[in-house]
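Paired with subunit B in one complex and with subunit C in the other, subunit A is shared by the two complexes that follow.
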Partner chain A sequence: MNLLGTWIAAGLTVAILSFLYRDNPFYKFAEHLFVGVSAGYWVIYIWAFDVKPMLIDEFLRQAGVEKWLLIIPAVFGVMMLMRWVPRTAWISRWPISFTVGIAAGLALTAQVQGYIIPQIQATLLPLVSIGKTTSETIARSFNNIMIFVGVVCALLFFYFSREHKGALKVGSKVGIIFLMIGFGASFGYTVMARISLLIGRLTFLLQVFGLR
Partner chain B sequence: MLQSIVILGLLAQPPANVIAYDTPNDEGSSITLMWERSPADSGDAILFRGYEIYRSESATGEFKSVGFVPAGATRFDDGNSEIQDGKEYYYIVRSVTDSGFEDSAVVGPVASGAQWFNSQRVNVLAIALLVSLLVIYYIRRAHAGGRLFVRKIAGLDAIEDAVGRSTEMGRPILYSFGLSYLNEVWTLASLSILYRVAQKCGEYSTRLLVPHYDPLVMSAAQETVKQAYTETGRPDLYDERDNPFLTADQFGYAAGVDGMMMREKPGAVFWQGYFYAESLILAETGHSVGAIQIAGTTSVEQIPFFVAACDYTLIGEEMYAASCYLRPEPQMLGSLKGEDLTKAMIIVFLLCGAVLGTLGILSEHFFDYRGLSVLFERIVQWFNTF
Partner chain C sequence: MKREVPIIITFLTGFLCVIAFFIPHPPLGDLQQRFLVWYAIVYGFTMVLGLDSLLKYNVKKITQRKEGWQYSYVLLFGLALVLVTGFQSWLKYGTPFELRSSFMYCYIHIIVPLQATMFALLAFFISSAAYRAFRARTFEATLLLVAAAIVMLGRVPIGKMIWSEIPVVSDWLLNIPQLAAKRGIQIGVYLGGVVMSLRIILGIERTYLT
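Then we have the complex of A and B:
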């Protein structure tokens, strides 16, 4: 049975990789199978790990106010399902609006706490840092200056309510250079990771076909 | 009852001044214990093992071990699902050496509880309020007719060209939210961009395909497209089958969208949302079918791939600004201006910090004066408490 499963996995891998040549019936078959199986899998997953344990089981387990509070998400869930009936489809807008509103509110503190404050903390640096040797002083100072200039100029690039002219234009240009250097480094790093994934998949195929 | 046992070696002496209190700023079910180190605890774990914490529901009842901390520790957080909020508990802290142990006096009763307000986050609240006040001020100003400017964003100007090009070629347009969920800010920004794209599609009678990864995003997108078509006077163009749910699996979704692109051959593709490893697979397929591609994401890891494979890329916050650029309503413009002023304040704060820190270092090095350095360190320390 395991052998059969391995051969099916290898066959589907080859079918998916055949997309590199062009769209073909093997790819179409693998694609539809993948989409269908994964969609079905997620339906079961959401039932088993979200709806049942977090709503039904909790409702049966809890007592008092906490039990009845669970009615709210349950009603919202039912309201979402109203989309199936064209005449009542408008009811689904209520839970959507609620979700969007909550998301916007939570995002404000998350952005301040998770991104803005740590970035400021990491950039509060003196531009000069004295080391034990002259070369260390130069290296550390250069590092601090790069961090400061990079952060300030990147912020200037994302300044939208003023036209980028004069000093703002220069600052934003420097900012985009810093951003692109960062993206380039990230690109190279991620490509290396992807290559290792490809090597893993090719190794699997070579093993299945007895070439390794 | 617990007893002290001293066999040989270092005499175990109990920790002093043990206190137990409800852990502050938490969601309950946690009690914190603090104590002064035992005279036998020099911080050396070889001589003095540490402290074992015992809990009981009554002062004279059976105490159960709930945790152990090594030598030198003076605090233990008893955060345990067994602890019921409002119920009283008693604790003993036991000093443990190789040769024996000695118990502190019983402390308690103490009960845990949840706090509605986290007092350690007051500074974050202050910043959030400041940003909110700025945004409200500028929204009111925009409502009052004040002119607020939004700079040109290249990728957004290309939307009309992209839709027009697809129409001329007789091809549909594909719009993807990637792996976004509805409770994420970029999804809200993307919905605004979708609205604009759908409006253009309505004007040009061009088919718009929006395959989905998340059912909630699908619902919101369907409403958005329907409304945009209705407002352009073409509600008949709306077809729910063009807004399908594919799968909530990352690569299943990527395979489905790739197949859709190969068969439908869209003339323009919009990647607006949050993407992971599938970004390059999608963008490369879009490129291979000859589509003009406009991407936008806040995913720092994926922006490079879109920059490499797409014609235009909205980088990070440009995606948020896109909403204002496309729909320059007072609320949008006011919030953008408020955010920009916050950025300006951050830049000024960083600049002042850098100048102060640099002067502090130089004055200390050349004139042996530490005043400025101390002030800078205090500011950094204060900010690090955030």
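Then we have the complex of A and C:
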């Protein structure tokens, strides 16, 4: 059974890689299969980890008010399915509004506390940081200055409420430099991550065909 | 009714989330957590809608014999295979994620290789796109090119063979200038998110209702 699975995996890997030659029926087969199995997988995943434990199991386990409160998300869920009938499709706006309201409420509070404040805290570093040696002091201070200047200038670059003239122009120019280095580094890192995946797939194929 | 009720629901939900954050005591204390659970449940139902949309689109493609209709059979087969094995494994083992289950067999031998190879394929397309886009025409483009080259060389042994300090420079680029740029962007995005959230809660932003 495992041998069959390995050959299926190898066949699908080759089918996807065949796109490097040109678009062909093998690639299209694997591509459509990927969409189908991924959709099925996520349906099972969401129902196994979200809906069943949070709604069905909890409804059976809880008692009193806690039990009946679970009716609210269940009703919202069913309202979402009203989109199937054109005449009642407008009802699906209610659960959508509910989810949008939660996201907005969390963005106002948890996002500020969990993301914005920690990011600002991590930027407000001592610009002169004393190390054990002179070179360490210079390196640490230089890095802290770079982070502080980089963050401030990157923010200035995205500040469009005033025309970029004078000091703002200088700041945004420095911001571009940081942004370009940042994008380049991110790009290089992403490429290498993809290359390592490719090496993994090629190693797998070599093992399957007994060449390694 | 069709527009007012959704706006009131959004306002109440968002407002209660904010109030619960500032008054972390009963009965409001666990409201954010409760809302997150409810959010996950509603999200589960949206998956059914997505599934329905995917099914309708592909069945229509087959019945109307549109270009590439044969591949819709493959898609539907894959979907049915995973759903059937998922529910069968669920019934047999109590969870579909049991390693011996047929669902996990599909996951390990079909989904994992397809996903990994699909992302690996992107390496070629990113590289060819970069070849066309990364021309050192301006100072900024040169910076981008040099930073990308150093980070790429820093991740492979040949980089160290060229110059032993390349991995150090690569790490520094990732940890200092890249971090600063990313942080600047993130702070901007989150601040934008806060403003947008306020607009949504107050009913100024209503595009989600259209």
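Note that in this section the second predicted complex is superposed on the first by the 194 of 212 C-alpha atoms of A that agree within 3 Å, B and C clash if a C-alpha of one lies under 4 Å from a C-alpha of the other, contacts with A are read in each partner's own complex, and residues count from 1 in each chain.
Criterion: contacts are C-beta pairs under 8 Å (C-beta built on N, C-alpha and C of every residue); 3 or more make two chains touch, one makes a residue touch a chain.
Predicted, not measured: the structure shown is a model, and the values here were computed from it.
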Subunit B versus subunit C as contact partner of A:163, first or second or both or neither: first
Which of subunit B and subunit C A:38 touches, first, second, both or neither: both
First (subunit B), second (subunit C), both or neither touched by A:50: second
Touched partner set for A:127, first subunit B, second subunit C, both or neither: first
Superposed model, subunit A: greater residue contact from subunit B or subunit C: C
Contacts of A:108 with subunit B and subunit C, given as first, second, both or neither: both
Partner chain(s) touched by A:23 [first = subunit B, second = subunit C, both, neither]: first
Touching partner for A:67 - first (subunit B), second (subunit C), both, neither: neither
Subunit A positions touched by subunit B in one structure and by subunit C in the second: 16, 19, 28, 30-32, 34-39, 41-42, 46, 80, 83, 93, 96, 99-100, 102-104, 106-109, 111-113, 116, 120, 123, 148, 151-152, 155, 158, 179-180, 182-184, 186-187, 190, 194
Subunit C-facing residues of subunit A, complex: 1, 5-6, 8-10, 12-13, 16-17, 19-20, 28-44, 46-48, 50-51, 54-55, 69, 72-74, 76-78, 80-81, 83-84, 90, 93-113, 115-116, 119-120, 122-123, 143, 146-155, 157-158, 175-192, 194-195, 197-198, 200-201, 204
Residues of subunit A defined as touching subunit B within the complex: 16, 19, 23, 27-28, 30-32, 34-39, 41-42, 46, 80, 83, 92-93, 96, 99-100, 102-104, 106-109, 111-113, 116-117, 120-121, 123-130, 148, 151-152, 155-156, 158-164, 179-180, 182-184, 186-187, 190, 194
Partner subunit A, residues of subunit C touching it in the complex: 2, 5-7, 9-18, 21-22, 32, 34-52, 54, 68, 71-72, 74-83, 86-87, 90, 95-97, 103, 105-124, 126-127, 130, 140-141, 143-152, 155-156, 170, 173-174, 176-188, 190-191, 193-194, 196-198, 200-201, 208-209
For the subunit B and subunit A complex, residues of the former touching the latter: 121, 124, 127-128, 131-132, 148-151, 153, 182-185, 187-188, 216, 219-220, 223, 245-249, 251-253, 255-256, 258-259, 262-263, 277, 280, 300-301, 303-305, 307-308, 315-318, 321, 324, 336-337, 340, 343-344, 346-347, 349-351, 353-354, 357-358, 360-362, 365, 376, 379-380, 383-384, 386
